[in-house]
Every structure is written in C-alpha cells, then in structure tokens.
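The two complexes that follow have subunit A in common; it is paired with subunit B in the first and with subunit C in the second.
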Partner chain A sequence: MNGFGYAVDALAAWLAGGEPGWIALTIAVLAVWVVPILLLVFPIAALGQILERKIAAAIQRRVGPSSAGLDGPLRFGFRVLLFFLPRARQDRIFAAFCNLRPVRSLLLVSRRLGLGQFVADGIKMLGKEDIVPTGADGIVFRLAPYLALAGAFLPFCVVPFGQHLVMLETEVAALFAIAVSGIVVVALKMAGWGSGSKWSLLGGMRAVAQLVSYEVPIGLAVGGVVLWCGTMDLHAIVGQQYEPGVFSLLGWNVVQSPFLATLAAVFFIAGLAECQRSPFDMAEAESELVSGFNTEYSGLRWGLFAMAEYTEMLLIGALLATLFFGGYQSPIGEEWIVGLPVWLEVPIHGAILGVKVVTVFLVMMWIRWTLPRFRVDQVMRLSWLVLVPMCLVSMFGLAVTLLAAGGTHAGEAFGRVASRPRPDLHWLGHLAAWAVPVAIGACLVVMAKKKHGQVHPALQRLTGGRS
Partner chain B sequence: MIETFLFVVSSLLAIAGAIGAALVRNLFHASLLLGLCLLGIAGLYLFLEQHWLACVQVVVYIGGILVLILFATLFSADVMGAVQRRSPALLAAGGLAAVLASAVVVRLALAGRSAADARPAGDMRPDAFEGDTFTVGDLLMGDWFVPFFAAGLLLTVALVGSVVIVQRFRRPAGEVADA
Partner chain C sequence: MTIEASTPSGERMTLNMGPHHPATHGVLRIVVESDGEVVATCTPDHGYLHRSIEKIGECVEWPMFVPYTDRVDYVCAMNANLAYCIAAEKLLQSDPANTFVVPRRGECIRVLVAELNRISSHLVAVGAMAMDVGAYTPFLHGIAQREGVNDIFEKLCGQRLTYNYVTIGGVAYDLYDTAIDEIRRFLDQFEREMVRFNKLVTTNTIFRDRCASVATVSAAEAIAWGLVGPNLRGSGVDFDLRRDEPYGIYGELGVQVPVGQAFAGRKGSVGDAYDRYVVRLLEILESIRLCRAVLELLPPAAAKANDPIGGWQADVGKQVKRPPKGEVHVRTEAPRGEMGYFLVSDGTKALFRVRCRTGSFTAAGIFHHVMRGIFLADVVAVIGSFDIVVPEIDR
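Here is the complex of A and B:
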C-alpha cells in the first residue's frame, strides 16, 4: 500500500512544508477523502432515494414527490449566510431573490421534481424517536447499522476514481473490496439477532444466507477478471483496459471475450443480491417479515441501513465499471483527457465513472420496479445452479482463451507498468475469442435440441419449476 | 507514531477479543468477540506487510468461519436466554486445550526469535517473505502445489456436491413442467 494517493501526499507535503508527519497525513486524508465522501456520497445516496421514488412513480404511472421544492433549503441557506441581519431583512432579501425570474422558474421545476423531498425526509428521519426495543441486545443492536455502513463504504478505498485518485493503492485491491464488504454480513446478522424480534431474526437469517450464497459468484466473477488481467490491483485492471485511439471502448474487458461479458452479467445480478435489492429483497420482505432485519430500527439507525443499501448500490456500480467497463476511462478515446492538467483530468475522469455508476444505479431501480420478488428457494437456486456454474464455465473458457492467445507482450499500460497486459491479439484473434466460444455454445444448444427435442430439461427446470 | 498507535490498537483488539470470547457467557457475544480478535490479527498481518494474507484472513475467517459460527449459534438451543452453564469437566478440557495451544505458540515464537537473532541487526521482519501476490502464487503453484490442489479439489467436490444434493429434491426428470 503505497501511501494514500497522489492528492493526499501533495496536500500533506504542502501542509507540513516538507516531509509530512502523521498529523499532516491525517488532516490530508480527512480533507481529501473523508469530507468529500461525506459531502458527496451521503447527498448522492439521499438523492438516490428521490430518484427511486420518481422512477417508481413513473413506472407505476404516478406523479411521485411533487410538492417539496428547494425553497426550504434555499431559505435556510440565506439564513445561514445572512446571519448578521435581522430576520425580517433576511426574509425580504430571500423573497426578492426568489422573485427573480430564472430563480422562480427553477424553484417551480424543483417543486415539480420533488427535489427538496430528501431534505424533508432527512429531517423527518433525524426527528424520529430512537427506539431500542426492550428485548434487544443493546450494544449489538446499536452497533449493527454503523458496521453495515462501514462495510459498504470501506471498499471505496480501493476504487480508482481517476489516474491519481485512489485512496489505497494496493496490489490486492480486488480481494480487499470483497473482504471488507463481508463485514456487512456480520452487521446484518447482528441487526437480526440483536433486535430480539422473530421477524428480525428470520430476516437476518435470510439476508445472511443470501449474502453468503451470492458472495461465491461475485468472488468467481472477480476471479475471472483477475485471471484475465493477471493482477488484483484495480487500478492496474483499469489501466489494462486502455485502448489507444477513438474506439477506446474496444479495450474494455466486457468486449474482450464472451466469457467476460457473462461474468459481467453474473457480477451485476449477484451485486443486486448483495444489495438486497428487488427481486432479491426477500430478506426485507415487508409483506412477510414486516421488513426483516431492520424491523425494529427507527430514526437515524434505520436511515443508516438505508444509506448502507444505497452506498452498496453505488459500490456495485463502481466495481462493475472498474472491472468490466473501463473504469474511469471514456468510451470515445482517452488521450485527450490524459494530457490535461490534473485539476481538469480528475473531475472529467470522476464524471465519466459517475455516469457509468449512475447508469448501473438506474438499471437497478428499473429492475426493482419491474420484477416481482423471488422466493427463498428461487434465490438459492439462481445462485448455486445458474450463476456459479456459469462462472466456473467462464473461468475455464477464459483460461483456455489465454492459453490459446499464448504470447502476451510486456508493455506498459497507461503510465503504470501493468504486471501483465491483456493478450495483444490481432483483430482476427479478437474475433476468434468471440466466435469460437459462441459457435461451441450454439453447437451445444443445437445438439441438446436434437437429442431432447427441446432445450435441455435441466435448463428449463433451472428457471424455477412451473413458471 | 501513528504506526505504533495502530499496532497497539490491533494487538489490543486481538487480545481483548480472544479473552472476551473465552470468558463471555453469551454465545452470540462470544462469536462476535472472536470476530474482533480475528480482525485484530488481520491488522497485525498488515504490520508484517502481508497485505494478501490480511485480506484472506478477513475473507476466510470473518466472511466465512465467523458467519458459519454465527449461524451455528443461532441454530443452537436457548440462544436468546444465552447463559451457558460451566461444568468442571468442560472447564478442565478447555484449560488443557488452552495450555497445549499456548505451548505450541510459545514454542513457535521462541523458534522465530532464534531465527531473528541469527539475522543481521536491524532486520526486524520476522521472516523474510515477500507478501506480494506473485510470490504467493509461485509458492502455491510450486512448493505447496499438492496441498493447494487437494484443497481446491475438495472445495470443488463440495460445491458440486451441494448442487447434486439440491437436484435430488427435484421432481422426477420425466415429469416436465408445463408452461
């Protein structure tokens, strides 16, 4: 682990005016990472809730939040900014500002979009009574939401947001991400058990069984990428997906091989399950379990669980983008960004990663409001009988592809010397990497059809009995 | 400075977690304290510059073993009541196991110490082993190939076996689902 990243080192050196001590380092870490994360991810997670309500409304032909605009927050901002004036003066200035034509129309739009709803929700959440049930196990009950949030946030340490923007550069980054997100499992178990309620206990058991089951396909999918890239360093994996020229899209892992595309799909589905998102939300089934492991939680602690869920959605999006979709690299050529000065390069790369993450976020919401909930047995079957075998076959296929590609040349990827660049194939080779597995798969399907007069019955049964 | 502080924190976590896990009567709390101990040990691995080992420690022992223990705890009787009786026989057996285990650990520590003494002064690393993934991979594919392969085979068999067990509870193959 080579320090805390470029920005932190620079800031710490500037603060200390030389070799930074640990106080300067700590301040720099706080300034560069913790504060921005608090300032950015929390509102993003809160906005995610608004987005979710609006999307849900659109899918269900409702309007959704449509009254709470940004007037309130704006008024609060004026009060804070103009604290030295008497209240009546503040209000007069605020009213004058709101009467400006563009401001008025913008406020109207914000009201229509319900943009202020998350502020109202947040205040409501903070104001709720903080209940610890009588039968609850005090410490365990209180600790669980914080652990869940920590488990959701910690993996962000190793996600590269830009060329110089990685909190923790380590060669075991992918493993680190998987490892620390395992803390969520323990947290959910603590929440389920500590609540002292049968609903919570059942919900917690379901949640943990599901999380443990889906960690296997997630681990195997990440393992496939690691096999392909020859490194566990997420930044190096991003670097390896670099492709010179305008069509930098073609360098992304997801288009390298059908097996990697499969793994991307598996990672997304398993990620959905890791976030306990519908259709995998049977651990939070409000109709059966009165909402599961968080039944007994209220107020801020409940909010922390919700925040952890949204953070985890962002995390799955970020990891999916990093592992399969070129990370922070743009799909239309990368050279024009790399050459820019750091203060321009960092936000552009960050925004590109952000767009990818938000896309995943939106697809997750779309799925949530479209599909019904899976049953427990269906969830387990999907993991063990569909995703895990798909992962194993894909990993085998990737290994064979790597063997067939043979010669890899030692080059440098993206300013960092990658441990092993992805196979440098002729375009025919790339074509073959797709054509051969697809042809073999098609042959298998055709043979099965000939033999059984239909697709293999196992395939039909996998989809869940009679459905 | 900060390293020393973090080292002390990790060590305290490990020690306090272990002692707590042994003394606390509530099974669930004991398992959680064991998790704390395992986390502390992962932290200690970081100070040995074994990042890979630290991550694997968290994945295997916290993500795997601890969750398994928690599951077993939840399935065991009277977990909510949570006061386990201590019988003298169990205490004696536990004490014996503890003494034996400590003897092994002390023996290993002494061996490591003499190895460290043999090395030139200033080399504080307990055993010169590069913790990077390539060395680990080389070792697994070289010196430790057979155990590694055996473990992999065992896990694959377990994985396939679980799938087969699930398959057995299906309806007979002839009965094809309509729709």
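Here is the complex of A and C:
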C-alpha cells in the first residue's frame, strides 16, 4: 500500500468516525483520487485540443487559434476574488494588474498561442442547445457519451504516475486496463444506434468492427510484455525496467529485445486505431459519414466524446510509456530520483511520464494531419493479416529468448516492487538476439518494397525524380 | 465483387448523400442504396443549383452574358469565359462584313490566363480528392498555391473567383506592368511546391491503395458514356482539343497530352480513380510549361487596344449590336473537359438559344455505372476523382 492508500483509509476512517463503511470509502476515494485525477486529466485533454489545433495549423501553414487569450478567465478570477468590491473597482484593479509589464506580455503570448480557446470552446459547448433527435433512443443516446468518457478514464486507475502514485495497485492491472477500455466500444455502438441516424449507425458499426479487431493486437502486445516480465502488475512492470547508473534507458523494455520493440510499434499502431485517430478515423470519417457516430450530438455531449477521444490518446501514450518506455522513469539516471523524498519524487516522475505521453500525443497528431484514411477492408486486413501475425511471431520470439537465456539471475527488487528475474544474456547473446531478428525483418522489408514499392516512372516526374 | 454476391439477403438501406454533405462539393444529392458498407445502386439527383443560365442567355445582349458564363464553372471561370467568347466571335465572323480579328497579344493573354486557371482548378480538384480520401492537409496546401493564381488574377481584373475577363474580341484589360515577372516567379515556386505536394500525398501508399482499381472506366466505356477531359484521358484515350482541334494559339504551342496508364502499379488498372488523379497532376505540369511558352511568345503591348499585334481587344461593339443570323458550335478544352457552346442567333441583340455542354454533366452520368459494388467510403473518392463541380451539372 502506498501513501495515497493510507490517505484514503485515514480519510474514510475520519469520515465514518470508526470502521469505514462503503459510503465513506467511496467518498474518500473520490476525494483523494478521482477528483485530483479528473482535475489533472481534463485540463491536459483540453490543452491537447489547443495543441492539436496549433500543430494542424503549423502543418497546413495556417495560424490557428490566435486571438483568444487568458484575459477572460483572468478577469473572471478577479471578479471572484474581489467579489466584495463594486464592479468598477474590480475592473480598475484588473486593468492595473494587466498593465504590469510582465503580465501584459504574458497575456499577449497567451493570445498568440490561443490559450484561452479551450475556455471559450467550453463555454460555447455549455451554452448550446441540448438536442435529442426525434428518432433517437433517448436513454441510450444520453448515456453513451458518459460511458465513453468512463471507459477512457477508468484505465488511468492502474497507470503508475510515480513510485508512490498509483491509484489501484492490483495484480491484474494490465488486464484491467484493456478490459475497462473496452467499455468505449459499447459506448460508441450505443451512440451509433441510439442516434437514430443512418450515418451514425454506419459510424457505430465501423467503430465496433475496428475496435474489436484492434483489441486483439493490443492484447497480444500487452501479452508479450506480460510474458517477458512475468507479471500483469503495471507498477511491477515499470519497476522491472529499472536500471541503475546513468544509462537507465537501457533497462526499458523496448531495448530489451527486437521483439519487444516490434510489439511497441504494434501497440502504437493499434492504439491509434483504438483512439479512432487518423489514418483509422473511419468511424467519424468527416468526408464520408458526415461525422460518424457523433453526427447527431451537439453541445456538451459532443464535447464529452471529444474529451473521451483525447483522454484515450493520453491513455495510449501512458500505457505505451508504461509497458515499453520505462513508465515514469527518467532515461538518464533514475537512481538519483528514486532516492529523493516523496514530495520531490512524485512531481518529477509525474513530469517525466507527462513528457513521454505528450511525445506520443504529438506523433499521433503529426500522423493525423499527414496521412489519408484507410478503407474498411484495408483496416481489417492490416489488423488480421499484418499486426496479429507480427504479434504472434514476436511472442514466439520472446518465449524462445527466455528459454535460451536459461540461466537467469535473480534481479534485485530495487526496493520498490517484487520483481521476477530477468533473463541475463551474455553480450554475445544480446547481439544474436538483436542481429538475427533485425536481419530477418530487414530482408522482409526489402522484399516487400520490391514487390509493392514500385513507383510508375511518370510519377517520378511529379516528385522531382525521387519517390 | 458483385453486389448480388455480397448481399445474399438483399436487404438494402437508402442513404441520402447530400444535398448538404461534406463530400459532394456543393449541392449534389446522391441517393445511395447500400447493404452496410457496399453500394448497390447510386443515383445522382441534380437540380439544386439550377439557375437557368441558358435561359438568361436568351434574354441579355451578347457581351452581357459573359459574366454568367463565370457562374457556369466558377472554379475555372476564365476557361468558361473563353469558350463562350470564342463561340460568339466565330458566329460574328460568319458574316463576311465583320472583319475583326482578335489581336495577337490578346490571344496570348487568353491562353495564359486559361492555363493559369487550369492550374488553380486542378489544384482544387486534386486537393479536394485528397480531402475526400481523408487527408486534409494537401487540400489546404493546394488552396494556398491557388491563392497565388488568384492574386495575379485579382491584379489583372479585380476579381478572385468570377473574373469576367475574357471578352468577345479579346480580353478586358492588358496585363499589368509587373505581371510577367510575377507569373514567372509564381510558376517557379509553384513547381517546387508541387514536388512537395506530390511527396506528401500522391506517392503515399495509403492514398494510392485507396484509389487503385476504384471505379475503373475502360477506354471504350469512357467514350460510350461521353466522358471528356482528364476523365477521358485517365482512361487512356489520347484526346485533347487543345492539340487535336486547336483554338487560339494552342496550335503553336505543341501541347503534350498525358494519358492514364495504370499509374498505381500492380494494384491499379488503366482508368481507375488514381489514373484520373495523376493525369490532372501531369496536366498541371504541362500547364506550367505552356504558361512559360506563352510568355515567350507574348508580343509587347501597343498603345492602342485594337492594335492587331500588340493590342488586346478588337472593336466589336457595333457588330454585337447587329449580329448576323446563324448558328455555331465551338468546343474548347476546359479543366473539366470539353466545354462547348452552341449559339443560335436570329439577328437580334439577344441570342435565340444558348446551349452549354460541360464535362461534369456527363461525368455525373456515369456515377451509377461505376459505383455498383464499391465501398461507401469509395463513393466520395470517386466523386472527387471525376472532379464534379455542381453548377456545371445544373447550370
């Protein structure tokens, strides 16, 4: 049990005034865990929206949001803080504050970055008319966005944000994350069906077909990591990737074996599909299905869907980091951070995980604004004929590596979580374990390029000689 | 795949795609009957943008109809102006008393603006097709380049979309002072920009696979269904009016005509959506070359507008007030293919009948034929690949 667990227990005991019942425990969990996490993830997801708009603008050589600054929220804050003064006084103080040189330039920067856009968008969404179409199945239609959001948020329970910062430390964390995020499928289907529109229905069908198919490679990729680490506990998986010394990067799963690197790639691609991000955004394909499953949604409910999508992107980033990229651990010198006091260690680790998640987030955006969309049959083919076989081969390779490594040594638990011994290959073994699969993979890639990669000579004129 | 094989139960769903749908490029309505994702039948229903342009042509004087031709195809208004003006000139010249000729400089400027407008029109076409397939960015890059053409046209005639620049007997204004330099500069940077555009989307594997072997139209089918322009050439038919029935100064320019040849490689076939798309891109390159060639041929401006060499506008003011009786049909190569005007004059100030033949109309006619058994996602790609502009269908 970690520090936050104690906090929950203590709060619950205080609330109940003795042995806590389930109501007191629920309130304590909400107070200690859910509200702070919501307060953390919501603004990040909202800021993600701005980030996406700015990045899209940069890729498309536009400016993007450039006039909504933080003036409005700031003024609101002054109003609240100075509620005891008359409005004119409040405004005078606010104007004086804004005229301070650093504040003025900061406000200008925030305007240029469009930082206030998400506040404006939020207010706009809240103010919109709440429309439930005539043909809609009211309850299903209304329930769907909340379920989608829940499905996207719940897996964060098991993601370790730091050495002492995991909400739900359970033996089956990895399974829990995958299983719970499956709720999103139901939510999308409900949205598609409940809207009573054919476009929504088609979008919902596509979403279900795609999400169910891509849960297989995701599950297999996680399975590979579980096979390697011997545990489903995400915190333990992170703990296993600990490496003392400056090059703590070398402890990460992704550099342990080429098969794990392959699984990481598969996880990322399948994760893109799970978030319905381009090139897998068939379910809300704007040019085909108007807006897919959320065609009929407006206002806050639509906002919840958008929030769920961004949260899911954050989730995929967090899981990718946790499973393959050392979780919250620093790539250069983890040893020193571990020794820090909790109040220092938690924000540092949280920030490191944040950087990793945002990196994945950025790559997803980059892909979204560059690539066209797959077609239904191509999406299915990619999942079942490419990703799933890749996963199976990788899992087999991992098993063989583990067997060949035979004489493993008992790894230290590094004072965190019990850790299963990792296979200790001699450096020759490491070399072979990397060289052979990489060579085979390179051969496959070259063959595939020869078979599929020919470019018609006329096209070379279009691309300036090269393709 | 035949639709019968894929829908054994025979249950169909009717989808109204449009008239307000993001992918129908305006207000085209397509009634799609589908079994889930597979299209069974597809019926284009047009008329939502009908503005009686042909009837208006019977009510206004000859030169006053030129602005209306802009609205027939607002994506390539210069070419639309040009088609009508050439037809009107030919009808006027059928009277031996009318001896005017379009000045040489005017002819050069006409071809120059027509080719520049072909570039901007094809940019919209390929960009919109990329957007229909799901890549939003290339569309905006295309639009950004189109701005270059629009800026030149704005300086030239004050308009950015509906130019009303080509007139009966020449063009409305001479080139402005820095026009030649600006056009050269635009062409240079645009050529570099197209390389980036093509690397971004044209050779992208996802894009190629999305369009390969989709809505394949064989050469015989293309001719039978009356496809024209890039849609016809995409099917491998080597026919271009600029080369085969040259008008203006096109005969001196030696137009090279690209045709479809299964550009998508192993997975593609001649006449598929990808071929039509690539043919447009190759035509853009050809237009760049033609623009440069025209700039070489351009005679220096004369002091008088009706100078037969350096002028730009012949005197036709009196002739169009008392036009001869007769009828004429002229066809020109617009970006969306053959744009023909059939004019009948009864000797009064207004034409007796104006008939406009456009490429999009026949292209929309083949929809129900090529869309059987394709995926719903491909419907928009096919609409994009035929480069439909709705006012051209409805007029």
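Following the convention adopted for this analysis, the second predicted complex is superposed on the first by the 406 of 467 C-alpha atoms of A that agree within 3 Å, B and C clash if a C-alpha of one lies under 4 Å from a C-alpha of the other, contacts with A are read in each partner's own complex, and residues count from 1 in each chain.
By our rule, a residue touches a chain if its C-beta (ideal position, glycine included) is under 8 Å from a C-beta of that chain, and two chains touch if they have at least 3 such contacts.
The structure displayed is predicted, hence computed values, not measured ones.
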Touching partner for A:M205 - first (subunit B), second (subunit C), both, neither: both
First, second, both or neither for A:M282, with subunit B first and subunit C second: second
Subunit B versus subunit C as contact partner of A:E215, first or second or both or neither: first
Which of subunit B and subunit C A:F374 touches, first, second, both or neither: second
Partner chain(s) touched by A:I59 [first = subunit B, second = subunit C, both, neither]: second
Touching partner for A:W193 - first (subunit B), second (subunit C), both, neither: first
Which of subunit B and subunit C A:L340 touches, first, second, both or neither: neither
Residues of subunit A contacting subunit B in one complex and subunit C in the other: 205, 461, 467
Complex contact set, residues of subunit C against subunit A: 13, 15, 21-23, 36-37, 130-137, 140-141, 144, 194-195, 198-207, 209-210, 258, 261-266, 278, 281-282, 285, 375-380
Residues of subunit B defined as touching subunit A within the complex: 1-2, 28-29, 32, 35, 51-52, 55-56, 58-59, 62-63, 66-67, 70-71, 74, 79-80, 132-134, 159, 162-163, 166-167, 170-171, 173, 176-179
Subunit A residues within the subunit B interface of the complex: 1, 21-22, 25-26, 137, 140, 170-172, 175-176, 178-180, 182-183, 185-186, 189-190, 193, 196, 201, 205, 208, 212, 215-216, 231-232, 380-381, 384-385, 388-389, 419, 457, 460-461, 465-467
Of all residues in subunit A, those that touch subunit C in their complex: 56, 59-62, 198-199, 202, 205-206, 278-279, 281-282, 285-290, 369-378, 451-452, 454-456, 458-459, 461-464, 467
